[in-house]
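All chains are identified by letter, namely A, B, C and D, in their written order; residue positions are counted from 1 within each chain.
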């Protein structure tokens, strides 16, 4: 396992890390969650990602219990939460969600309690909040850092414009700006990480903790067969969305093309897909989700698979994908 | 003619304005240029746009002579230039182009001389310059304002990220940031103005002086006929580019669809296209180019045509175009 | 015992102070450590230096127990720690060392616990960390001050450039910059304190808590005899390094020369060497290490010996050393 | 001729440039000076270096006359001056030298007059001035930039500490800090450029316009012969200094060693020495001095010689020199 700096910050994350979205407190039993975390930690993973909304707080509770049981040194791992949606879904009162100071402060306290920690290492704004000035959010996050309740703050699925606006206020008021962004990134979803953010890595030293390296499972190849797979971790609604937006004819063709390259290299498709994400130097860590231990074990082969992704292979993949993000000219 | 504030600034520009690109000092005789400016000014236009690269300085010289001859009150109009490409094309030496301090300062002096003015009202960075830190450009533009050589500075075809980076440095150093951006905007090219910049109008109060409201003439309908039109103002190379990038099958279909709506409203297609741009409240002014006076006269009908673009009509146009920019979901 | 201001700060340290490196928790029994601290405190020493890496945390534990036992008023002494290397040596995980915010915060908590204090008076960055931006380190140290966990922060073995970079960020963001530096300084190692830092005492008011006034024992004269001394506090590796880098032919000659001056003054060589350090007004305090009480008692004679170091004597020493640091001319 | 950015600034200088020290207005006739400048400009040089002290103002007068006669476009070249020593040598009154605001402002006006230009592109503080706070100097230089009298300011032979102190004040007061430093750099004088400044290229983006690439002629090999060369451009005093400080036994051996490598490559020694400087990516431009046109022509071969300096050759040179600057350990 290699460790990479989170953008320009001095904090080093393991190149592979463990996400809990859709799984912890929801699709998997708690003992499976424990097996996943233990395997990950024992194999060098030092970052466990979470959010208040994941299983409506249950994901943090499960992770907190495991951390408490394992008794790993607190300085040996990094744990995150995300604020925005609250834990009550449609029942949220107006003060119980969003990126205003009250929810940011209260959500932080609640997340620390559920996770049984004294501070969060990383704290993300889970989405932009159109109803709160970014200025207020930057101040609130900065204050949590100066209070010692969080160590670094970041964003998830914000636009380059929004991230730069946060840094604009940080520079204006001498505050600590966002260190990292958590975007979706995979072979089928590249524009944000490769094009929209391309300057930000240099100008403000943004780090990225990417999610969905397998494109909700589409890059496992399981949706390329004739009949639909069963027992996937997606809800029926999620499945519909996936069909319309990700499982397009073009994308399924891409998956087929890349699958051939994987076979030639003696790799499984998901291992190739994860290793491909790792090849991007602007990716700080690739967050893996898994509902079974053997899935996670399999995906960890991506670490060694990186060596097989020579520049020739990368070019072949680029051709197979035919979706290089290009800045529009005129 | 209505006047609109240039973003949050107090400067008011006429909703229609006159560009000189491809025409002044190049495709049209100087007396035509004079006729165009005279007609525009007499009909309320108060903004004349220019750039050092237009006809390699010749466009500014022509405009300067006309301004000098007309003897309009200097405080009755706004004149611009743009810096980046120099006036020497491929013969430029490294110091004679770009957005470093030397070229910004020298290009400003040269443009003032060619335009025969003591100061430029608006001064644009014509494109981003990857070889100069935005910090240096912001400082240089700010200094020109404090020296009284320019009044407002802006950008042209910069990304939201780059504009925000300029504002980040402006806030950090207490400098004057960019007031306006000059993007392409028309029925066939909408993403930047409608989606990418959507937050910037509010957060930093960006104004826009849009170019190519007729999509290089494609929205006049002249390319929708069976045979190719002659006497267009495009070079052969430009024609090739236009065919591949703008005159796509989808776009020509859009033009046909919108043309029907124009006919139903008793408007010409270009008048509808210009009026449609004016309906966007984030557009500060629509810059018109013209190689003949009657073209310009015709396009000025857009001012009155606005009234016909009711919300029902706008919805019909939206359907006819079917190219509403949408933020990618997940 | 005189007290000197720590640079421009108002905090006054005893001119002699007690270090724990290589001794506490390692080469000496805990009762010896207690004797040393008691003697020092009773004779006016008010500064006890420590670091997380010294005996891998054991040095702080020993010192903490003694402080707890002695029950000296907390406001009568100053205690320090240093962050960088962690307490686990080669077993450190990436998050358990360095000058990023996570380790700075966690190391501070851990040091307070081991030292049994509620706050550290001085907290040093033990070395530069090339993998963390100095900006992040300055922010983290400043936050610890505002949280009341440390009172002053400084550096150890940083270059003038690095110290000034820390002050650059401190001025930019209105933060508290580093107050002091802990450099090696003695008759055989002068360049940093006398030349490289010469402007910093004035410009930012740097204080210095110098270590190794006896050049790892070389200035006791014990290595000038015919056979090698036994029972030194150096490991075999350390001895090798010392031989190659400090015990050069030129340096041993210097020691001989200075020894003659010491004899003429009726002083032991180490007393002269310590007194010589005290004569430098840019030295805030000379940190003494000792493995036996009588060593420490002997070295305390440096306080009175200062009076014998008249300007004539200082000139004679300068000649005997012949190693005045000189700025290269051209 | 390649062009390189002056540090992080967007200004691009030719990799080779022309200095006037010791030659213009002093050792060479004005028609030679004209030949040198003409040859340089025609071969792509865009930077001509000068200083108020060079031949006590006479060097600037000569250069100004040539610039005026040549009528090169002002935006096609970069001209510098340096302030510190005045033009009157020992006759200077206290207000006529130094880096206080009065001399900086007055020296700038005088240099512009002698050089017959409306602004200086680069303006250097020729040495540190112990009698003026750096804060005053930074403010004065910044003001000249905002007034349009200079475009970029820098330092010459300042220490890393002093350069960082200038940036510290620039950050504190939101001023423009120094863009470049003019240090001596050649095979026999490496510490400042390679070691002391090593962090500054990254942290503040320092550019360097290096002088004496041939070590006052020692790297031409002319001093390695049996008898002393005649007709050198050094005064008798300069010759004495050179003998004691540069022409040491070790250095003459280095010159011999490198001469052999040059011969193997089919290069002259000075061409190899200049090309070696160009290989350092932190060198923005190598300033050449020459008293004869054929010297300058010969040295321009360094541009093509770069290609011969493969990593193998560079390693061989490193061994031949045996003077790699090393950070002292402990």
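In this section, contacts are C-beta pairs under 8 Å (C-beta built on N, C-alpha and C of every residue); 3 or more make two chains touch, one makes a residue touch a chain.
The shown structure was predicted, so the numbers you read here are calculated from the model rather than taken from an experiment.
Set against the C-alpha centre of subunit A, every other chain centre is closer than that of D. Chain geometry summary: the mean Cα position of subunit A and that of subunit B are 40 Å apart.
The distance from the centre of subunit A to the centre of subunit D, each centre being the mean of the chain's C-alpha atoms, comes to 50 Å. Rounded to whole angstrom units, the spacing between the C-alpha centres of subunit A and subunit C is 45.
In subunit A, no residue touches at least two other chains. Applying the touch definition to all chain combinations yields A-B, A-C, B-D, C-D.
Subunit B contributes residues 134, 157, 159-162, 164-165, 167-169, 171-172, 184, 189, 191, 196-197, 199-200, 203, 245, 328-330 to its touches with subunit A in the complex. On subunit B, the positions that touch subunit D within their shared complex are 93-96, 98-103, 105-106, 110, 129, 131-133, 136-137, 139, 143, 146-147, 172-174. Subunit A contributes residues 3, 5, 8-12, 46, 73-78, 119, 121, 145-148, 151-152, 174, 176, 205 to its touches with subunit C in the complex.
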